[in-house]
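Two complexes, one shared chain (chain A), two partners (chain B, chain C).
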Partner chain A sequence: MIEALTLVLASSVRLALPLAFAACGEYIAERSGTINISIEAMMLGGAFSAVFGASITGSAATGLICGVLAGLLVGFVHANFSHRLTVNTYVVGLTLNLLVLGLTSFLLDLVVLRPSQVAVFAVPLLSDLPVIGPALFAQRWPAYLLWPLLPAIWYAMYRTRWGLQMRASGENPSAVDASGIDVNRRRREGLLLCGLLSGLGGAYLAVGEVGMFNQNMTSGRGYVVIAAVIFGAWTLRGAMAGCLVFGAADAMRLALPALGVQLNPQLLVASPYILALLAMVLFARSNRSPSALGKPFARGLP
Partner chain B sequence: MSDTTVLAEERIAAPRGRASSRIRSWLSGYPTLLTYLISISVALGISALLVMMTGTSPWTAVVALYEGSLSTPASVGLALDKAAPLLIVAAGTVIAARAGLFNIGQEGQLTVGATVACAVAIFVPGPGPLVLVLSLLGGALAGAAWAGIAAVLFYKTGVPIVIGTLLLVFIAVQVLFFAVTQPWLLQEAGPEGDVMPPQSELLRTEVWLPHIGEYPGLNFTSGVLIALALAVIVAVLLRHSVWGFKMTMLGMNKLAARRAGINAAVLGGTALLWSGAFAGLGGAVMLVGGNHRLQPGISENSGWDGLLVALVAKENPVFAIPVALFFGVLRAGGGFLASTGVPRYLVDVVTAVLVLAVAFPPAFRILRRTWQARAAARALAQSGKGAAA
Partner chain C sequence: MRPELLGASPVHGEAAPAVELQGITKRYGTTIACDDVHLSVASGEIHGLLGQNGAGKSTLVKILLGLVSRDAGQILLHGRPTEIPDPFAAAELGLAMVHQHFSLVNELTVWENVTLGDTGRPDADATCELVRSIGERYGLVVDPLARVEDLSTGQRQRVEIIKCLRRDPGILILDEPTSVLTLSDSRELFSVLRRVAQDEQRTVILISHKLDEILNATDRVTIMRSGRVVAQRRTSEVDERELAREMVGRELSKWVAASALGNLDALVDPALSKDPAMFTAVRPVEDRPAVRMRIDSAVASRDGRPLLQGLTLELRAGEILGLAGIEGNGQHAIGDLLSSLLPLDSGEVRVDGVPVPAGRPGAMHHAGIGVIPEDRHQSGCVLDMSVAENLVLSAVPSVSRRGFVSRRRMRERAEELIERFEIATPSPDTPMRDLSGGNQQKVVLARELSQQPKILVAAYPTRGLDVGAIEYMTEQLHEASRAGIGVLLISTELEEILTLSHRIAVIHRGAVVGEMPRMDVDIERLGMLMGGQQA
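Take a look at the complex of A and B:
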């Protein structure tokens, strides 16, 4: 039983990690007022570029950087189209998803990718802890980037002037604008950061977990991330918890048949979205979502 | 606002001399056309570059796309068939968008619509044509119900429609998958002990949507006619009916609509239901008009693409007709593309870059206005400073 628990926990964390990086990005974007649908494109682009970069240079770490840059590029396009030009953000998001899915599938047929994977780094002593040891302290090394990342994002969002402006852009953009701050610029920055982190998430999925790229490899993980941020009621802590829960649901889908437990696999796949909807129903009354979430900002009377 | 601004700009420009002012006003009328030209060329250039990467000449790809979609009457029919569900979905999207509601869950509503349409077609006994109609209605009702969940969540508890409809998409996909993996539901029955694929049985031919035309000539399913009729009806109703007027009013100014005695929850809710019904019908048409059996990938992203059609068409149902046709042509041509050695995914890339290219110019026009205004303000501030000194 303990062994099974250790195994399921380890694979939950492993499946949650790519989501967690991307969720950090989506959290920032949504707090500044954008429901970023193109996160799927960012992750997929990151995953492809990571394996592509690793195949060319032969180093998985370089691949990771390529993945981050690809996510950043998608974020740049999205940011400028929806928050500099005034194209509807969902049009841009959907189009980018279509574009990146098409482009990566297209390129996959053209280039030869070689499997490559970053190394596992087991923290001495700690990784020998029972149950939680393998889950938390025996991951591939980029996973540990999450530890400094989380407090850094929290600090940036809650203890800096910039973070206050970001959050205010999501809550009351008119007030932000009136105090002389460029709302759309803050939102663009949110999307760029989201691209960077989601690219990292996708790259981690590709060169961290799987070691290879398959067609449509993220297969909706971006939307799971959106669900996680909603499930977490737009707090960083909650979003991480959401990622862990959804990672666990994914792990169970794979592990339960082996353990001899019957649970409907479709229900488990759908569970992130059902849980996110339920969470929304509970939170909607208490107004936890950023007030201006998903509303484009243009100066003038509302 | 835009017309008056242009007039004002012209009046300011006028004193500089007659000939130059005429050129100026001519230029200020056309930069949008020019940006369209440039941005579409860039999009096509990117696509051509991708084709060249495969070692095929772009012209070969263009010819293949043309042969797959427009060269023969039969391939025109194929393009029409591909365009029909997109147009139906788009027409529905327009209704919700007119009421100021952003439904982005068409993919889910379409999926559920196809699933229920399949269930009706398989389980309801009776004469073929009747079952066919019931199946289409069932699809539409299911789509409406799926959108209705989001509507109830929005008006009862305040879950944003974008989020509600989006999350329901992925639940819908699993509902379909569940239905086609359960032998007691829709999974096709096979010999005892065989592992059957996750799909329904083939529908009996009486419940297929009738075909118009014979194979070598122009032929397409009657879904095309349904789609055209719906687009026109929606256009007429939105433009000329009281219902359409109320809907537009609600979309343009919620407060004014409320003052005028419009119940936002009822009217907006109905708009969302209609939009879901159209998407569900689109799924039903895809099932009884094309696939004739329910499979997990049946939607082929038609929900997402239909939404894109509506948005590219600027939420105008009549303009959605050519846009849907264009998407249909690309989709139909994509099947032919693979034979030239160019992966068919090129079609998705071309569609996406073209959508961005078409979205760019009008947005750029607005941005340019902002820049001009800012420059004018700066000039004014500087001249003010000069006067003070």
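Take a look at the complex of A and C:
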């Protein structure tokens, strides 16, 4: 029993990690007022570029950087379309999602990708802890980036002037504008950071967990990340908890048959998404989202 | 900039005026918001900018603050031509504004709001200390650690003013500052302004459409009408009558002037009750006619925030009941409730004794409740549809057969209503967007009254209208009440309430906290009730 628990927990954390990186980015973007649905494109683009970069250079770590850059590129396009040219952010997001899905599928046929994976780094002693040891201290090395990342993001959002302006932009952009702050610039920065972190999430999925790229490999994980941020009531801590919940659902999907539980396989495959849907329905109403979330800001008369 | 300001002698001084606008012009499409405006404000004075809604006052100060760019003209600060490209530049030049709708971020704390426009690392302790010390100096007490959403409107305005004063501005601009304040909060505000102007030689520009505010609080006044400056006067040398005439452009009876232009004192002057216009307006309704509508202990909330908390209200046939209160105390919820937009957690609404299911679409309408919504652009009409279509919007079955609308019958009906309600429109097919605000409101009124409702809910029916349109609406609502319709008037403007109502009820925190007949109105008591004090 303990063995099974250890296994499921380790696999939950493993599956939650790509979501967690992306959720950090989505959290920043949403707090500044953008519901960033192109996060799917950021993750998918990140995943492909990571494996592509690793195949060319032969270094998985370089691949990781390529993934980050791809996410950043998607973020840059989205940011300029929706917060400079004020094109509807959902139209931009959907277009980007379709574009990147098509592009990566197309390129997959053109280029030869070689499997590539970053190394596991087991923290001495700690990784031998019962139950939580393998889950927390025996991951592939980029996973440990999350540890400094979380407090850094919290500090940036709650202790710096930039963070104050970001949060205020998501709540009352006109007030922020009247204070002489460029709202759309803050929102573009939010999207760029989201692209950077989501690209890392996608790259981690590809060269961290799987070691390879397949067509549509993120398969809706971006939307699950959006659900996780809603689940977490737009707090960083809550979003991380949401990622863990969805990671656990994914892990159960893999573990239940192995543990001998018989369930409809289609239902199992769908379970994380059903959970995400439920979370959105249940939590979207009761939690207070940023007041100006999803509302474009244009200067001028109110 | 500071020493220079201190050196300038107030009002009579020979020094260059603190602010001088020359030939400012601004067009929005074909409408001219400001037309060759000249304005000069001296250091150390409180300068009133008076005008009706749409006269161009707000646009003018937005230009001054760098929020709107001008088409022509020049801005001089202390005699020097100055460019103000954005709000940041305005702040640098010592211009600060208290906005009409608070520009505070509700989810942040007071100190976070105060420090929002600064640069450098935010310092919680220093900012809190700053908020406290400014609060002490001007008598603006507020807890720097409180969240803005938990504050009352009066407290929010204090935060807004602290936000301005901490920048040590030479020029402080207030845009309709009392529209959301109680009477006592307003008085407190004016004493703060007096201190700011007299003791510290700052310049204050006060934008208002209320005569008594201008008369009581300012040293000089500039009057604007349709985008032009029509007069500039020393406040001590004018009376309200002259101000009203300049503002409206024609002579008004004292009663109309008082009601339409915001002169509370005149409205409760006992001498006025001999005025026949006033007497028919506020006469008590005789021998208690039947109760048309009863809202009984209504409780409602949205997203966990209470909106109505046990509100009870009775509306009789042929009376106009004015529901007075400070903005944000449940007026909006009452409007939503009676438009079937808000379900009740408990309590009920009865029309002629029959319970009406709250929140079911169309139920209130079918029960005979007509609503003139508070925002006619958003929920009152469809701007891109024609006048005729808007006029039949809630009575489509009467002009259609088997699901097809008869254009001929729609046109006939529209023409009949246009004539009856004197709607000025080139044709029934003109888009609603092209009508003036007053005529748009007439369309909404015509549509609702043509349904022969038992009850008419009028939310802020004269907001943003010019004096002629206000007179018309007043007449029509009285007419409706004489025809036996129970009229519920929802408004935050006491002038509107006092002009129209037979009976006044006060709403505070989602409940009716007191009521009085219009004839025996007591402004002090009304103000205390609105502020939530027992009276």
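Operating definition for what follows: the second predicted complex is superposed on the first by the 274 of 302 C-alpha atoms of A that agree within 3 Å, B and C clash if a C-alpha of one lies under 4 Å from a C-alpha of the other, contacts with A are read in each partner's own complex, and residues count from 1 in each chain.
Here, a residue touches a chain if its C-beta (ideal position, glycine included) is under 8 Å from a C-beta of that chain, and two chains touch if they have at least 3 such contacts.
On a predicted model such as this, the values are computed, not experimentally measured, just so you know.
When both complexes are overlaid on chain A, the residue A:Gln262 reaches neither chain B nor chain C. Contacts of A:Ser291 after superposition on the shared chain: chain C is touched, whereas chain B is not. Of the two partner chains placed around the shared chain by superposition, chain B is the only one that A:Tyr273 touches, whereas chain C remains out of contact. In the superposed three-chain model, the partner touching more residues of chain A is B, compared with the other of chain B and chain C. Once chain A of one complex is fitted onto chain A of the other, the partner contacts of A:Tyr90 are limited to chain B, with no touch recorded for chain C. In the superposed pair of complexes, A:Asp177 makes contact with chain C only, with no contact to chain B. In the superposed model, A:Leu164 makes contact with chain C only, not with chain B. For the contact definition in use here, the residues of chain A common to its chain B contact set and its chain C contact set are 285.
Against chain A, in their complex, chain B makes its touches with residues 50, 53-54, 102, 104, 153, 157-160, 162-164, 166-171, 174-175, 177-178, 181, 301, 304-305, 307-308, 311-312, 343, 345-349, 351-353, 355-356, 359-360, 363-364, 366-367. Listed in rising order, the residues of chain A touching chain B in the complex are 35, 37, 77, 81, 84-88, 90-92, 94-99, 101-103, 105-106, 109-110, 220, 223, 226-227, 230, 264, 266-267, 269-270, 272-274, 276-277, 280-281, 284-285, 289, 293-294.
The residues of chain C lying in touch with chain A in their complex are 28, 62, 67-68, 86-88, 91, 97, 99, 101-108, 112, 115-122, 303-304. Chain A contributes residues 159-161, 164-165, 167-168, 171-172, 174-181, 285-286, 288, 290-291, 299-302 to its touches with chain C in the complex.
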